[in-house]
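Consider the two complexes below, in which chain A is the common component and chain B and chain C are the respective partners.
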Partner chain A sequence: MQPAVETQSLTRVFRPKRKKEGSIVTALDSVDLRINKGELFGVLGPNGAGKTTLLKILSTLLLPTSGKAYVAGFDVEKDLLDVRKRINMVSGGEISGYGLLTVRENLWMFSQFYGIKSKEANARIEELLGRFGLTEKAKEKVRTLSTGQRQKMNVIRGFVTNPEIVFLDEPTLGLDVNAARAVRDFIVDWIRSDRSRTVLLTTHYMMEADELCDRIAIIDDGKILACDTPSNLKRMVKMNTTLTLSVAGLNEIAGFDTIQGLNSYSQTKDVESSTTKLRFVLEDESCVSDIVSKVVAEGSKIMSLQKTEPTLEDVFIKLVGRGLE
Partner chain B sequence: MAVMNDLKVFKDSAWLGWQMEANWTDPFLFLTYSIVKPIAGTLILVLMYMVVTGGETGNAFFSYMYVGNAMYMFVAEVLFGVTWVIHDDREHYMTLKQVYIAPMNFYMYIMGRSAIKIAITSFGVLVTLIFGVMALGVDIDLAAVDWPLLAASLVLGLACICILGLALGGVSFLTAKHSIGINEGLAGVFYVLSGVVFPITILPTWAQSVSRILPVTYWMEAIRRAIEPGAMRELADTSGFDVTGMGGISDLTMMLYLLVSVGAFFVMSIGVFRVADYIARKKGKVDWTTAY
Partner chain C sequence: MTDSYLMRNLRAVRGRAYPRLIGSTREPSWFVFDVILPLFTIAGYAYVYKFLDARAELIGYVVLGGAMTAFWLNILWSMASQLYWEKEIGNLPLYLMAPISRMSILAGMAVGGLFETTIQAAMTLAIGAIAFNVVFSLASPVMLLVVFVVTMIALYGMGMMFASLYLLLGREAYHLSALMMEPVYFASGFYFPVRHLGFWAAAGASVIPITLGLDALRQIIFPEGIAEDAFLPLNTEIALLSGLCVVFMVLSRYALRYMEYLGKTTGRLTLRWQ
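Let's turn to the complex of A and B:
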């Protein structure tokens, strides 16, 4: 099957005009990616890793220095119109928009540039305004919107044209918790409702990548360091799962040594809440039921239970040697 | 189908242009502004002329200067308007990258946005000419106007200026706010060398040679011949020589020259625009913001 997006040794180098203005920056370094149709694909990396440069090349805004990039099978350097017919792009923190137009007019305007029939465009605009809680703002001029509202309007702009492939560059950047949640939920619903759609999402929020993406490429200094499903990426980290229990009525911790699959354990008493915090490092997760049974058999009451697994940050630290932030 | 799509893009972007130009205030204030602005701009030159000539306005040379100055509004406003589309979308509204990646004919978008500038400027030119005739004695007799020549020269001249503006629009991809200076500079060259407020025969010989290459020179002459034939005759009679330097050129030759200019500028402008567009993509300047 033809991939939605494919890059072959894609490289982009930025050279300063004059030497004193800085050094040569390799924003993308021989990037090879293959994103399948129907995938919600994430590119995770810190600021300056090359995520936006990748999206700019794929959306025909920027030429690569070398290598090739194809969107829906079309060359982004040569087949501009064919690529543009199939894509749209939203950048997080984007406050762009024609301030003198109303929200509805702005969205309608862009839908017309994509050749969408006015009636169809208006129906989609209404639906999306409702979805993002902007219906009441539809007749207000864009200049009167808050930054978050403008961002939401731009997310709608990206989807109102019903693209085959949508490029989302940090789409929740700067949004409040609820708005970010609304955007994430929408992205998932949008791609799940039609498997011919593809989303390429860049983010430096690990939770977002973990929650949304079918596959993730971890990028740093323009290089793809790893590319796999979130769970497979986490498996790269040889880290034991930790089980933390908060229990009430536990007098003495004993007898856990006999449980198979348990690596080690420790306890901390919390005098104020009269609870004990038990931390078990597991070699084999199947021993969780034995631990819980043992605690209950001791006459204790489990107040909370938390299982901690490796995160994408652990993966990133393993690959890069430092955290994302 | 492609033509219909292009026309739709033109129509929609013209609507957008109209909103940009007119949607900032109420209609009455906008109308007042549209009338006062061109007249006020013209009066600066008129007052200077009156100071120099001792207040005399009812002669052929005043009409020559007044009409040239009024028509020059097209050159300045259209050149400025076309390049401003790129600058404004990129730096002010920050919408250029979204417009740029839309699957439409970008030239039609720019032309549509600029069309409204031409319409508003046309209104300003008309207001200025009416004011000149009614208040300052500018010699325009509607019965004597050569309407076919006026229509042909307006179409060809404006097409020429728009196409030239397109090339400047391409250049403005590569420049920051300097693009405004570039088109003002070019418009200034036309102002001095194209016989806008004084005949080109006043210029040094080398400058006259340049004037005779510029299509705006022929456009100004054709417009004057069309709308103020009386004043042009009087000017020739009183000076006793070919004061405009264009007397030996027929109307048809001028129209042909303008037509050739439109074709030549079209090829050149598309070329310049494409090269500038390529360089902008290569250097990452399409969504550049520098001025705000």
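Let's turn to the complex of A and C:
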């Protein structure tokens, strides 16, 4: 099957006009990616890793220094119109549009650049405004919107043209929890409702990438360090799972040594809440039931249970050698 | 979903013209800034001519020239500077990413700007004419329309070309616009017949389409002044303006292509504060 996006040794170098303006920056270094149709693909990396440069090349706003990039099978350097008809892009913190126009007018204006008939465009705008809870704001001028409302409008702008492939560059940047949730939910619903659609999302929010993406490429200094599903990426980290129990009424902490698969354990008494916090480091996760049975058999009551697994952040630290933030 | 490439571009022109068409109804302060304030300059020149007991048509020239300043200001501040401003607010990447000719965006800006500015200029002209008893000759309305249309196409073609060039200048663009106001009012003869600057100075100023356009309009509206004030024969001016239309449209297309290529090569077009 033809991939939605494909890059071959894609490289982008920024050279300063004058030496005193800085040094040469390699924003992308021989990037090879293959993103399938129907995928929600994430590019995870810190600021300056090359995420936005990648999106700009794919959206025909920037030329690669070397290598090739194809979107929907079309060359981003040669087949500009064919690529542009099929894509759209939304960036976090975007302030596009005109404050003098209403939300509906702004969205209509941008739809006209894609040749959508007004009737069709207005119907889509109404539907999407309703989806994002912005119907009441439709007649208000854009300059009166809050940051979250404005970003929701930007997201609608990106989707109102019904693109095959959407590039989302940090779409939830600076949004509050509710607004970010609304945007994420919409993205997932949009791609799941039609498997011919594709989303390429860049983010530096680990949780967002983990929650949304089918596959994730981890990028740093312009290089793709790993590319796989979130669960496979996490398996790359040889890290023991930990189980933390908060129990009440525990008198004896003994007999856990005999449980197979348990590496070590420790306890901390919380005098204030009269509970004991037990922390088990597991070699094999199948021993969880034995631990719980043992605690219950001691006559203790389990107040809470928490299992800690490797996160994308652990993966990132392993690959890059530092945290993302 | 979409029609032909032509229809898509026509819709894009309409879409980009819309903010300007609707803008004047949203901010009525334009009446003060764009209609009333120019009348003070017009009044200043008109009273000087009156005091000198000059020919009546000279006051007519001033009123017409004063009204036409609206177009030059629109070219400088709403056409030439526009793409730079669009870059700053983040619209430019969205325009460049759309599956349309970039000329459609500029054409939309021009159509919208021309419409709103024509209303402003017409109001200034009407109020100025009433205030200073200016009598217009409308013996050749078709010729008047032809000259106006050709002048505007050439002028807005120049604005479209400037839009790309200004983009390369970055923040300096605003200074350039400020620099090009008063000198052009003088060189193009907004408040006096350009012929009196001397042939070569007037010929040099004719690169700016409003110089010839204003002279041609004055010849049609105030025929009694042709013998003393006309720079070139009317037909010659129309022919030259037609030539400028083609030149500026072609140059604006090339400038836009060059700007886009340079932007895609250096990455400057999609970065703000550059």
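As a working rule, the second predicted complex is superposed on the first by the 325 of 325 C-alpha atoms of A that agree within 3 Å, B and C clash if a C-alpha of one lies under 4 Å from a C-alpha of the other, contacts with A are read in each partner's own complex, and residues count from 1 in each chain.
Note that in this section contacts are C-beta pairs under 8 Å (C-beta built on N, C-alpha and C of every residue); 3 or more make two chains touch, one makes a residue touch a chain.
Here the structure is a predicted model, which means the values were calculated and not measured.
**Student:** Please determine, from the superposition on chain A, whether chain B and chain C clash or fit.
**Tutor:** Here chain B and chain C cannot both sit on chain A without a clash.
**Student:** Looking at A:M109, would you say it contacts chain B, chain C, both, or neither? Reply first, second, both or neither.
**Tutor:** both
**Student:** Which chain, chain B or chain C, ends up touching more residues of chain A in the combined arrangement?
**Tutor:** Looking at chain A, the partner in contact with more of its residues is C.
**Student:** Applying the document's definition of touch, where does A:N162 land relative to chain B and chain C: first, second, both, or neither?
**Tutor:** Only chain C; A:N162 stays clear of chain B.
**Student:** Counting only touches as set out at the top, which of chain B and chain C does A:K85 meet: first, second, both, neither?
**Tutor:** In the superposition, A:K85 contacts both chain B and chain C.
**Student:** Determine, under the contact definition given at the top, whether A:F186 touches first (chain B), second (chain C), both, or neither.
**Tutor:** A:F186 contacts neither chain B nor chain C.
**Student:** Contact-wise, after the overlay, does A:E120 reach chain B, chain C, both or neither (first, second, both, neither)?
**Tutor:** In the superposition, A:E120 touches chain C alone.
**Student:** Can A:Y70 be said to touch chain B (first), chain C (second), both, or neither?
**Tutor:** The answer is neither, since A:Y70 touches no partner chain.
**Student:** Is A:F41 touching anything from chain B or chain C once the two structures are fitted on A? First, second, both or neither.
**Tutor:** The answer is neither, since A:F41 touches no partner chain.
**Student:** Give me the intersection of chain A's contacts with chain B and its contacts with chain C, in residue numbers.
**Tutor:** After superposing on chain A, chain A residues 14, 56, 59-63, 81, 84-85, 87-89, 94-98, 100-101, 105, 109-110, 112-115, 157 contact both chain B and chain C.
**Student:** Which residues, counting only chain A, touch chain B once they are in their complex?
**Tutor:** Those residues of chain A that touch chain B are 14, 56, 59-63, 81, 84-85, 87-89, 94-101, 105, 109-110, 112-115, 157.
**Student:** Show me the residue ranges of chain C that touch chain A in the complex, using the header's touch definition.
**Tutor:** 1-3, 5, 7-9, 11-12, 14-16, 18-19, 22-23, 26-27, 89-91, 93-100, 105, 264-267, 269-270
**Student:** Show which residues of chain B lie in contact with chain A when the two form their complex.
**Tutor:** Those residues of chain B that touch chain A are 5, 8-9, 12, 16, 19-20, 23-24, 93-95, 97-104, 109, 278, 281-282, 284, 286-287.
**Student:** Residue numbers of chain A touching chain C in their complex, please.
**Tutor:** Against chain C, chain A makes touches at 14, 17, 53, 56, 59-63, 81, 84-85, 87-89, 91, 94-98, 100-101, 105, 108-117, 120, 141, 157, 162.
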